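Order of writing sets the chain letters: A, B, C and D. Residues in each chain are counted from 1.
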């Protein structure tokens, strides 16, 4: 599904490459953890797949197609196939919780009458059914993070990119969240999950990629948290 | 140092009180963890101490003085005695890392010639000496979180409020951060540390307060993570 | 569509001061544009009236051969028409102008000369023609209001020129205001816009509320302008008509209405295009 | 202080379009204010010239007692001066106006009447005085340029009124623009501002760059205005002087310069106060 070939990403003006000659293949339907120290390049890798950044060298392929030539509307189409939780949440501040989640359905063109059922069901799964009409700033950060997850999974996308989706969640709540992600994965969604939570990686074992200073230093098919 | 007496906080329009009749006394020089599920009221408690919010009922005292009557410039003075890491970082986006940290010194009126030494020393402690001239958006989220911590401790404030300061840090880096906080604590700073990181609370034992749905349900002088 | 309109409404509200600033600026601009256009229309009438009236008089010597001179003058390419006014006719005219003082036959001798009166095809040639006339044998002196005519012409021209210059500046100013309003709106929502882009929303979708906002602002300000200008203009011309009845004022309500409709169209166009352009630019900038 | 200036610079740059919009709007406003002020100064001179020239003539019957009438009229409170012009004087005057046509003694009988010529203390009383004169025994008719004088007066008044109305609107518009620029700047940096407040920065500290920005914008736009207006005004008066030499134009360079200095002061004041006010308001709003 996702393939990286000799991918290097150098931010303008940065002394060191954020990603350095990464080669990687993630298959359709896989669940992959991405771990590494702070600043190792996890978010940068996610941003490449989302085409928020373009590699300095090398190519990123999605379903065999290079992202490099995507422009304008084509990028938008590409992104509609991805559900993403950003590390800094990034909800739409002037929309209610419900509308934030429904936005993902609006963008992919789901008819409006289907929204309520789908949105409320996924909000219930993240435990925020009762806050559906609150604005993001009226939520705690952990609650916002759960709304972001709800938005990412509500459209049942072929690919789910999760960047530290449990950083502001207590262990109990984050366990529920991961079960939700796993059930999405079982319905066929490919999942890339960047995290610092040792407990999560250890408890729910999956293929684990380890980054160190921009280099892919470990690709462990059986998982485990070792930096 | 900090005393809460029958403090209740109800956000306008919210169904349930975010904090419900909290009574609490934190002594000068203490190190206190604040734990609880997502949405339990940890950030709200911090915001009360910072006078970002005012309690609906009850009083918050700092060094015996009620915060309720503070206005305008007096609030500013109050805040200058507090170093805080906000859960969502909140760096000044148009200032470099160095200037962000130096801002805390500017506000409390430290002469400019002392800035360089103090800022660089604390940046070294959080491992970001080499990034001093980067802008916040050129940093990974974990790096931003460390800048926020550096800003909070650089002025050696009497009170340190840390709201999930390691949410985006790997276990190694967060260990270093906590050691930095502890050494600040040993120099006499009172620390209130809200966190979801079980490992941290278990490894570095301190008095632990547990919130559940706005109520203070546990105050354990010997620590331990039990929700 | 409903969503876009709601978003526009939110943008307008969230950004009320900027919208108000744009609204007042655009209204003032359009009002001034309207006023200058009306002024120009009126000036043009006055000007062409004035141009028709430019008459050159050549006073002839007693010894001159009037008929030959008339032919020579009529042959000049710049001359539209020419006629002889005999001294008898001239005295009669003067007598009519001063009734009770110059009765017919009250003077023993007629002190006035014969004269040639010309009108020109283009009043700007007046100096050339005057020089040519002066050079003819039998012409004593030439009169055409001296400096007055060409000065008046050039002053009117420069007033019109200034007016359009001002309007151009004001239009630019309005455009800056629209750009600024849109940019401000988008800048304030830059995070939201980035999020929408990251979620796969198209540019057109993100742009729509801002373009709508621009159109609404343009429409509102031009309607306000039209509502102010129409009665104001007719009140002013009403007053001027009694004061200077000889002024050829434009008082055809249909022409004025057409002009104001054009103004509304211009307002909507400037608002819509300006915001479209701005939204496009800042969307690119934000990426 | 250096920090504040740097912050202001950043705000100006980050918010360039809005600043440019404010700059052009303020410049245009101040330019129009300057133009209207200059126009008013000139109108006032013309007006007082005109007022001095308002002369009422009462034409007398043959049978009238000139001396008595003169005394009666001089006793009227509104009259500034009065004199008798005998019919002989009047004819002499007419002869001078029409040389070569009315030679002295060319008429057998003088058709002109004696007349009383008055000037008034306040030209607005002209109608009252005219009516009083008409009622006097021995007065045949009264003339004072009829409708012309009072119409001209009221037109000039309303032009001046309109001018100040426009300037008021434009000043309001400038103020809106400043408010908007500041608000936009602060809105775009609302998170930063909140952070600064949370770190214990005082309001004045946060406000400073915005107030500075307003002052700089006001200063810049008023300087541009002055630099444009000064040569433009003297170019215009130069042209008008040759066209209408009788117009009492204001050409004292010192007076004009003083006016422009006042304009610069006003620009800085509007900029500074506007942004101070806006910054204060939005700071409160953000909290």
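The rule is short, and it goes like this: a contact is a pair of C-beta atoms (placed from the backbone, for glycine too) under 8 Å apart; a residue touches a chain by one contact, two chains touch by 3 or more.
Everything quoted here is computed from the prediction, not taken from an experiment.
The set of chains touching chain A and also touching chain C is empty.
With respect to chain A, maximal separation of chain centres occurs for D (centres as means of Cα atoms).
Chain C and chain D, compared by their mean Cα positions, are separated by 23 Å. Mean C-alpha position of chain B lies 68 Å from that of chain C. Per-chain Cα centroids separate chain B from chain D by 63 Å.
Contacts with at least two other chains are made by no residue of chain B. Residues of chain C in contact with at least two other chains: none. In terms of which chains touch, the assembly is arranged as a closed ring, every chain touching its two neighbours and no others. If you check each pair of chains against the touch rule, the ones that pass are A-B, A-C, B-D, C-D.
Contact residues of chain A toward chain B in the complex are 11, 13-15, 35-39, 42-43, 87-88, 130, 138-143, 145-146, 164, 167-174, 196, 198-199, 227.
Those residues of chain C whose C-beta lies close enough to touch chain A in the complex are 3, 10, 14, 189, 191-192, 194-203. Against chain C, the residues of chain A that register as touching in their complex are 50, 52, 72-73, 76-80, 82, 84, 86, 90-94, 103-104, 106-108, 151.
Within the complex formed with chain D, the chain C residues making contact are 15, 17-18, 20-21, 24-25, 28, 94, 98, 100-102, 106-108, 111-112, 147-148, 151-152, 155, 158, 169-170, 172-173, 176-177, 179-180, 183-184, 187-188, 239-240, 242-243.
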